[in-house]
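Per-chain numbering from 1; labels A, B, C, D, E and F assigned in written order.
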Amino acid sequence: MPLSHLKKAGDAVFVDSYVTKAHEIVVPWDGKEVAPFSLIGAPLSKTSISHSGASFSPTVIRKMLSSYSTYAIEDDIDLKDVMVTDFGDILMHVTDLDESRNRIRNTIEELLSQHSNTIPIVLGGDHGISFPSISGFKKNKGKVGVIQFDAHHDLRNTVDGGRSNGTPFRSLIEQGIIDGENLIQIGIRNFSNSKPYSEYGHDHGVTIYTMRDVRQQGIEKIIEKSVNSLCEKVDAIYISVDMDVLDQAFAPGCPAIGPGGMDSMTLLDAISLLANEDKVQGMDIVEIDPTIDFRDMTSRIAAHIILTFLTNKQKAIV
Amino acid sequence: MPLSHLKKAGDAVFVDSYVTKAHEIVVPWDGKEVAPFSLIGAPLSKTSISHSGASFSPTVIRKMLSSYSTYAIEDDIDLKDVMVTDFGDILMHVTDLDESRNRIRNTIEELLSQHSNTIPIVLGGDHGISFPSISGFKKNKGKVGVIQFDAHHDLRNTVDGGRSNGTPFRSLIEQGIIDGENLIQIGIRNFSNSKPYSEYGHDHGVTIYTMRDVRQQGIEKIIEKSVNSLCEKVDAIYISVDMDVLDQAFAPGCPAIGPGGMDSMTLLDAISLLANEDKVQGMDIVEIDPTIDFRDMTSRIAAHIILTFLTNKQKAIV
Amino acid sequence: MPLSHLKKAGDAVFVDSYVTKAHEIVVPWDGKEVAPFSLIGAPLSKTSISHSGASFSPTVIRKMLSSYSTYAIEDDIDLKDVMVTDFGDILMHVTDLDESRNRIRNTIEELLSQHSNTIPIVLGGDHGISFPSISGFKKNKGKVGVIQFDAHHDLRNTVDGGRSNGTPFRSLIEQGIIDGENLIQIGIRNFSNSKPYSEYGHDHGVTIYTMRDVRQQGIEKIIEKSVNSLCEKVDAIYISVDMDVLDQAFAPGCPAIGPGGMDSMTLLDAISLLANEDKVQGMDIVEIDPTIDFRDMTSRIAAHIILTFLTNKQKAIV
Amino acid sequence: MPLSHLKKAGDAVFVDSYVTKAHEIVVPWDGKEVAPFSLIGAPLSKTSISHSGASFSPTVIRKMLSSYSTYAIEDDIDLKDVMVTDFGDILMHVTDLDESRNRIRNTIEELLSQHSNTIPIVLGGDHGISFPSISGFKKNKGKVGVIQFDAHHDLRNTVDGGRSNGTPFRSLIEQGIIDGENLIQIGIRNFSNSKPYSEYGHDHGVTIYTMRDVRQQGIEKIIEKSVNSLCEKVDAIYISVDMDVLDQAFAPGCPAIGPGGMDSMTLLDAISLLANEDKVQGMDIVEIDPTIDFRDMTSRIAAHIILTFLTNKQKAIV
Amino acid sequence: MPLSHLKKAGDAVFVDSYVTKAHEIVVPWDGKEVAPFSLIGAPLSKTSISHSGASFSPTVIRKMLSSYSTYAIEDDIDLKDVMVTDFGDILMHVTDLDESRNRIRNTIEELLSQHSNTIPIVLGGDHGISFPSISGFKKNKGKVGVIQFDAHHDLRNTVDGGRSNGTPFRSLIEQGIIDGENLIQIGIRNFSNSKPYSEYGHDHGVTIYTMRDVRQQGIEKIIEKSVNSLCEKVDAIYISVDMDVLDQAFAPGCPAIGPGGMDSMTLLDAISLLANEDKVQGMDIVEIDPTIDFRDMTSRIAAHIILTFLTNKQKAIV
Amino acid sequence: MPLSHLKKAGDAVFVDSYVTKAHEIVVPWDGKEVAPFSLIGAPLSKTSISHSGASFSPTVIRKMLSSYSTYAIEDDIDLKDVMVTDFGDILMHVTDLDESRNRIRNTIEELLSQHSNTIPIVLGGDHGISFPSISGFKKNKGKVGVIQFDAHHDLRNTVDGGRSNGTPFRSLIEQGIIDGENLIQIGIRNFSNSKPYSEYGHDHGVTIYTMRDVRQQGIEKIIEKSVNSLCEKVDAIYISVDMDVLDQAFAPGCPAIGPGGMDSMTLLDAISLLANEDKVQGMDIVEIDPTIDFRDMTSRIAAHIILTFLTNKQKAIV
């Protein structure tokens, strides 16, 4: 048994034989089998209006998974046998941003056309990736509804700066990928949007819950109403989580931070409730810039979102 | 149209034609017209007991305004036509701190004597600036009441270290600028004050609400009682916001941070309620040290305080 | 009176004659008298599974005490006459971790055998110090119950990596220092533990309150139940505060941070309630790594825990 | 003279009446007169292969100028009457990188066609800006030679990632803007380039001085040879300063840092010597990312490069 | 060709088809073939006298290799066909430091007994790893000489704190692994050592070159003398590079930094000269703590040391 | 031997019985005996033109002494029996800066009038402290010459901002404390001074060596000339070390950093040479702001300056 104490570079420095770490259930794709859940990185953030290192976030979120275990003690559910296929990251073009966006759409579309039952969890990147990601998702899923957690509408015009991280839902509506009535925005905040874009949303039938709504009605009720409303109208629901829906005290690593946002437990509760719903079949997590975060706090919440989502999907099955 | 893509150094790198950014309504004084609201920096922090870079905060708060828009979606009020005159900063003397304080008092006094209807929003600096600021305010406003958000009494004696950021309200009372009964302190915290100064407050009729009071009674009730009580007795109310009233998790950039404080939404709610009251005619925001903050979080809250104040003043008019 | 303005290196740069700072009541041991409360540092963190600078935390917590005063305005209790004996830090061996642990146990044991009435407040160090600290405590106190605030069980096996910061309560149970039924864990979190260790806890009678329990039942009720339950069975209660029971937004300086934890006020409330109980006769505060904290926020909470504990012990006497 | 102590927001907090600060000679363009020197920002860094915030550097370099004075004591030259026209920054498109590059080329071309005698000092951005900048420069200046300070060749192929910050000199050669023989690279480093690109340089007649050459021959001799060689062949010389030519200890804020580079005094000496040469009529300074720098050290060197250049141009005139 | 733009998580975000990055020649061991050079991590830093995260450095140094290419332009040597076998890291015990040290010795010993011609490059960890590493090396190499670059003697007694990072060469001498006369220390600094340990070195025949010697004699001459002296007496030479031999301005990431040290180019020159010597058959690089470094500067120098070593070994062969 | 492993809070975590740490020879004053060397902190930095935390530097420099030993191996001198009396810090007034300056002057004057043979080493604070420090020194020492290491003249007028850190040598000359001809400035830099102040220096006979002089003539020759020149004219020489004489790469913690400065070894060489001269009887070290430094590098150099000074004073005696 020579050289018996070597471990591969990058492997954990300590293994407890009674602990399953969350990253252990995320297995690189072998080109064949695909698990019920898929992880795909879409590391595009050159489309951001402001400077953004959100392209680093798939790597950091994966790393954060290794800080947590598979066991949800509050639900007594252990995810250790739940498998997630890791498709790695979509390679972005260095200078051609349209091409990068196309690669995202095509990859999601191809993935779901070949493996229609897997639930993709797409890690941005900035919010611009939701346009191609949902476009690819839609090709395989019929009528799509979107529940967007966000401080901002992201309904900007595409003339001033092209398709950026401020425009994804405008693009989706204008290109007919989704109907405005099937878009629900939760967590919209004061002084973070302009009146013309709020009006655009209202004019196109978008449902808008502000943070005051969240505080006054409670997240449970809002999620219940949202799910009920969408389930009648769409075939599949896609959750788009812009982490800046959270207050800056909880998610310090988003490019566009501010006060008055959601706390992380409320967001995790929302994810739990949504995951219980069968029609929820895709999710992205965007706008985490690890280069400006503190101790990867925001990516840690992203890891908990993924695990909470898996736990409740699992609970729904069990 | 040669050289058509140049922008002035310092101007925004991207302009969305449908968005009004908050800094756009803050217009440098042209020496003539003065808007209903005035912004004035009082960058004095050499008077601080501990090392403080609060003198940088007027610059940073102004910059943070450019991160937010003018639209309060929750109230459907757009501030884009509300004008704020920016008087710039009061020039501080490098080594003569008394002279610096005099300049603050004289500037506020002169400003209000010439433009009696404008509401001054004074950006500290440390809390020491409230003494000259309120002194100047008082000269034009008759009997003045003060609502102070703070973890600390700031009622220290002026013998041990002169007039510092620990003494403003002691100075105001002792010089007869305000009566103790017209001073209301909200958010006072355990282990952040000494018993002799609490007693001084009680002996002089100061109303003191601790954080336990805030948690038990709720901020709405406390503000309502405070406003009712003062309105009977004074001609004008001045709000003094020491940002360390907030918990360190929400306002990491104050010199004297600690646990057990207010969250930022509660403070914004208080500002909303106060702005609705006509007699509230002045405000300062102090004790933000941008050199030790994280991602200007504390200055971002200050920007929201200003915008929330304007929104509710506007709402009161409309 | 020559050289009249000199102060000793390290002394405060400003003294207000009406303020007592908290560190003034913490007096280095003179080898004789011991006050009702004792402070002892146990700066061991080489036993941590992950890299940890928790050994720096006794020094930083002491320093943070000098940022706060002795006056609890909410209870109108001034601690200025409460004395705490500072025994300094237990000297750790550079490379022999067993020896370091032995020194901790022996020191606590000797201290209490010689001064049986003093209440030790032990500053870690990582959570590994609770095993020797409680072992030494137990030698003098009869049957001991433990109330552990923690996101994690810390019930790992000792085979995989020896006695680490993941194993203290396993060691205590297996060596018969405490009974599993006399261990109460509060604040246990999802994805922060493994199922086999939760089962180990249940199998040994450990009472486990998760964060969901804390949110649903309220901390007051949980503390009340815990105290009532233990008081019937044990002679003395020891509180073990792993600061990672707090949410990462509140305690950014713990090695194992994450979302979904307790806020700092809830923890302080729990400490208040526990301090009122006579049988609570020891406490440790562990898992603060000042080298990764932000502005010593986590050590500041530790200082408030100590002062809150003293205040309520004092209140119980008065 | 009321309100006599106000200063405009952003103005200096202290003015010494006997000191001229360097930023005072940099005057925003009034649309008419243009000084002998022009400052233009080209804040493009989305073309970088790796994540880069070099787009922030024009703003920071300008700010650093305000930290220094106009007086070169070693040459007894005071620049206070030397004027520099500040054209501000070229507005970059949010998502269309070709358009951004075109704007740079057009702006430089238009500027020089209208004001042929001004010497442009272009502040990047990443090194990708040198392609359009030199292209625009060339349109007005006849045959152009380039002296490039750089650890890297920047002669990458444009197929793999389009025109990035690794390709500017390849693009210039391939598009016939400059001849390879008129390109001189100084400071090229081990392990920072690939053999095929060194060969490409050699095949196209590029003169390459490695850091070993700089250490062995001395910078004076290399500059002398370079100037002599180019002056025979070209009408105008353009200096392109990639700050990563400096050792990481001196320029910690470049994206691609490493050991074994130049010290800052050697680079400043090179700039002095070059500025003395009449044919040197343009310069860019690139690859400073202020978001990762330490105390803006790298931008401070850039400010000294500009001032050293002006001083020696002035000395040449006098 | 579906899903054609996916890349494995962790793979490079951009590949230039004409560039070989240095990490590409470092290939994980397949259990069979071993290349002429071997990389092995020895991530032990719990043996450090002061707090140290040097255990993270093998991971970071490997990552830094991916920032550099294989081409040494100054020598026109491309390392792209030089292979290095990466044995990964030796697994350290969480709490048993003797066991960890044994694993290091055994691994090096086994590796060289099975693959006697490979040259091990061992990445610490703190300097404590040199004791087991050289012990294992010695078992296979006959009489061993050591050239140590260091600000410190590392000849401390082992009684006060056990075998720490201050004792490796004392242990080697006292256990007879090497003779004092075959130990050469280069770069020893003022105020970084104690007289008794300097005397111990002199008494045991250790050759000591201080930084003043390096400045006065030049590194070339010192290396020449050192190599000549050792080659007569030993069978194999092992280089031990404590990065704190460098001045703090160049290597900011060592635990024990200070002024007056070597610059990085001098150290790289020394490595070049040593690599040319056939008897140099092993090397370690220690005392880099990435958690306190600035932009991994110190690990970047380590990467250059490895590449410089390989280049000159290659040059010697060619 | 109970409680045998306790150490006082703040004491070293490891003691090697064969090592004397530098802080061990710095002994707090007992009110009686005074050693040949005295350490006094003058923590005044509110007089700085720009924001400065230089008041923290006496504490940090003292702490850095504990990182180094007493042994100068290059000179084989062990300082372990050299005693330094630590007078602690002069207490600064919170708001009265004139009073603070008076306390500095009076303390130095009183100290030297009572203990005329001790050599004071004064730790600033900003450079403003040199005015009162040299004033107090002068009262006891007859005619005083000053050798100032500095990038700046510090000869500003006192009208614009009072007596600040830009005016000390102007004040000394104008108040007749020193003659301009007895002031020697070494290390003056381009773009760091204004022509009027250089002229003021020349007009008053100040000797000015720029950095170019230092590079061209060498520090040894400049020091020799300076010492020779002063020794003929004055009774005592005082060294004033403004750390910003160093290049920003070596002293990153000075408020006014820039490129083109001295390296730390050159400064240490200068200190060595000066200490050998009997008439050198006082020194201050100023302008280190630990709050913006990197790993206390600049304070580490200060510690080496003190130790180098002591070593060479000792060597002169021996």
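By our rule, a contact is a pair of C-beta atoms (placed from the backbone, for glycine too) under 8 Å apart; a residue touches a chain by one contact, two chains touch by 3 or more.
Since the model is a prediction, treat every value here as computed from it, not as a measurement.
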{"item": "Chains touching both chain C and chain D", "value": "A, B, E, F"}
{"item": "Any chain in contact with chain A as well as chain B", "value": "C, D"}
{"item": "Chain whose mean Cα position lies farthest from chain B", "value": "E"}
{"item": "Where chain E and chain F are represented by their mean Cα positions, the distance between them in whole Å", "value": "38"}
{"item": "Rounded Å distance between chain A and chain F, as computed from the means of their C-alpha atoms", "value": "57"}
{"item": "Residues of chain B whose C-beta touches two or more other chains", "value": "13-14, 49, 55, 94, 160-161, 249, 294"}
{"item": "Which pairs of chains touch, using the document's own definition", "value": "A-B, A-C, A-D, A-E, B-C, B-D, B-F, C-E, C-F, D-E, D-F, E-F"}
{"item": "Residue ranges of chain D in contact with chain A within the complex", "value": "46-47, 49, 51, 53, 55-56, 93-97, 160-164, 291"}
{"item": "Chain D partner contacts - residues on chain F that touch it in the complex", "value": "49-50, 156-157, 160-161, 166, 188-198, 208, 210-212, 215, 247-249, 252, 256-260, 292, 294"}
{"item": "In the complex, chain B residues that touch chain D", "value": "2-3, 5-11, 13-14, 28-29, 40-41, 43, 55, 58-59, 62, 86-92, 94, 103, 106-107, 110-111, 114"}
{"item": "Chain E contact footprint on chain F (complex, rising order)", "value": "13-20, 22, 67-76, 78, 80, 249-250, 263-265, 268, 294-295, 297, 300-301, 303-304, 307-308, 311"}
